[in-house]
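The next part holds the structures, each set out as structure tokens.
Here chain A shows up in two complexes: once beside chain B, once beside chain C.
After this line comes the complex of A and B, so read on.
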């Protein structure tokens, strides 16, 4: 599974993930708390400089990540152009771009393993309360393992459909795909049980 | 325990897998992705609690940086974008959908479709529009009007969710946990 972490090694890759996430959260709260176009503009320039400091290739990949926002930018432009509230529209656009780009920057400069470590730290209080987080850890691994498998099966089902029909594959594939997911889940459940179960402590109540 | 975990994880992977299927254009020419169909199915097949857990697990992996949302999007940026309200709405929609299927013992295809309309369309858009109105700086009513364009496609998906759930109940009866 390919994560969105940038293969271009930057200075920010070496920063601790927790620190980056904390700073990003504070900055995002601040961005949504202000309406001042000057502050929002300065923030947008600041985020752009972050990307620029990481090199052209990195910055170009970052810009591509912002592309899905274009319908919203068109919407803001039309709306505020028609109602004449141009300053408010500019402020909204700057805040949207700065907030999304900043969050993407953290994702692009943090490895999946580092993110999972942060998640484990955040879950530590639950472990201290005696709750097992093992189920969650296994679930995360299972999703990472099985998403490509399910996607591949979806592709195979589409091909099988095209080989037999002139019409395009439709929702019928989803039904077969869901049945395949259920079958996979049965096999996984058996495999987990065969390896001693998710909660290996014998005195806990293990309901099938 | 193992079975629940496996089903929750595999349905989270199913939501992601449905995002990879190329958009299929339905009637009215509205291109739709199958991903929100996956959210509905989590509720109608797994029931309220496990369905919501599967969706939360999916969102956790998106937040950790995996490109699992339709169109290969993911990472923390999507939680700051105008559609973030919909991400918050996903698990709640699955929960409501599942709760209705668990408590209303009628024909599964009909109940599944109606539950998907209530959970996957009404609840989804009511919550999703809050996010739109915050990020785009519009009033709540204006944001609700914006999302009406997607309702025809969603209605089709809700009917499909009902049909698929009823077929699964025949093909894999033990795994439709909402009716177990």
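After this line comes the complex of A and C, so read on.
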């Protein structure tokens, strides 16, 4: 789900990260404050328009990223259909879709370094207490950067499996994937260390 | 470039030893290196990468001492930042960030440069390599050679006095390799390069040949490389691939 920043440059790329994250938080709170399917439906349409405004290529990439959500949405629909709460089911589905799509939109249009800067600003009070928040900022960056990388590794592993087996890969590749992830973590640790490791950087221009 | 010709740019290894899991893989090694271009050759598993990691301070030696332009690179990480940069054997292990710009900026910010200074330096290095259009490119979408070049720019931009290159040409096609070699020839910093290809050491001053973690030969590039190549051919005729170290 967590995607890399889209290489397709859109208007939203030029908005400040803090503003986008702030608006997204407000919108998410609003989405969870209402039960009205009409408002939720309008919000979902609004988010879809947001994607559309960024161009077809961007919108298609976004849709691809959201696609893995469908089993959850089907599950929710089935459950509410079976228990007879159709309106509540529709509301929940629309809300979930709108909120996740919005978060994905912000991720796709915001550079990782801009996200880290917002985190740095939010963590400023801790720095004033004398704590170094650099490790946390870099951790956030790494989670965003490596989630898709590990997903890709999983895909490669199951390809390596299928190349030599007629059956679909199952739980057997989990251990290998875990080993790969640990191996990756080792390499990133080296890459960080090669450029100084987790050094506190001067506070003067972290905001901005 | 005057700042790069400091007399104190000396890499000194004193009775250096490295063990992995209790097994000696490198040393004892005692060497002084001041040459502008030094090559490191040796068979697979002879300890080349281990030496590179110790010089770059990524790993502390098990025993002995490393002094690089006046500091211990494993202990003084802040000092190591502008003294040594390393290009990993695999660029995928080196790239941390999703875009070229962020990848190159990171090291500069680590050196304590301001955002504006860092942005200017990124522009300068991209311009120097004629790659300004790579700025916003996604690092994961680059080819192997392009990734290698991004890593090189990310290291160069920090202005280290030493650059350690671990097989920078493996997996590159001939044209890409020649281009990368041309870029490297223009680097003012001192270079320590590991390679399996004798031709990649054109213009090198000195070559160090490691064998089983020990120094086999050390001297002017051409004669050492000639003997190394002859020996490799001889070994190539034998079959020692079945031998497991340990």
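The working rule: the second predicted complex is superposed on the first by the 130 of 208 C-alpha atoms of A that agree within 3 Å, B and C clash if a C-alpha of one lies under 4 Å from a C-alpha of the other, contacts with A are read in each partner's own complex, and residues count from 1 in each chain.
What we mean here is this: a residue touches a chain if its C-beta (ideal position, glycine included) is under 8 Å from a C-beta of that chain, and two chains touch if they have at least 3 such contacts.
Remember, predicted model here, so these are calculated numbers, not experimental data.
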item: Which of chain B and chain C A:9 touches, first, second, both or neither; value: second
item: Touched partner set for A:112, first chain B, second chain C, both or neither; value: both
item: Which superposed partner A:100 touches (first chain B, second chain C, both, neither); value: first
item: Which superposed partner A:84 touches (first chain B, second chain C, both, neither); value: neither
item: Superposition-derived comparison: chain B or chain C, residues of chain A touched; value: B
item: Contacts of A:196 with chain B and chain C, given as first, second, both or neither; value: second
item: Partner chain in contact with A:28 - chain B first, chain C second, else both or neither; value: first
item: Touching partner for A:125 - first (chain B), second (chain C), both, neither; value: neither
item: First, second, both or neither for A:188, with chain B first and chain C second; value: both
item: Chain B and chain C contact sites that coincide on chain A, given as residue numbers; value: 4-5, 112, 142, 149, 188, 190, 192-193, 197, 199, 208
item: Contact set on chain A toward chain B in their complex; value: 1-5, 21, 24, 28, 32, 65-66, 68-69, 72, 75-76, 79, 88, 92, 96, 99-104, 106-108, 110, 112, 115-116, 119, 135-136, 138-140, 142-144, 146-147, 149-151, 153-155, 158, 168-171, 173-175, 177-179, 181-186, 188-190, 192-193, 197-199, 206-208
item: Chain C - residues contacting chain A, complex; value: 56-58, 77-78, 80-81, 85-86, 88, 90, 92-99, 102, 105-107, 109-112, 114-116, 136-138, 140-141, 154, 158
item: Chain A contact footprint on chain B (complex, rising order); value: 1-3, 5-14, 16-18, 20-21, 24, 34, 37, 41, 45, 57-58, 60-61, 63-68, 71, 73-82, 134-138, 146, 160, 163-164, 167-168, 171-172, 175
item: Chain A residues within the chain C interface of the complex; value: 4-5, 7, 9, 111-113, 141-142, 145, 149, 187-188, 190-197, 199, 201-202, 204-205, 208
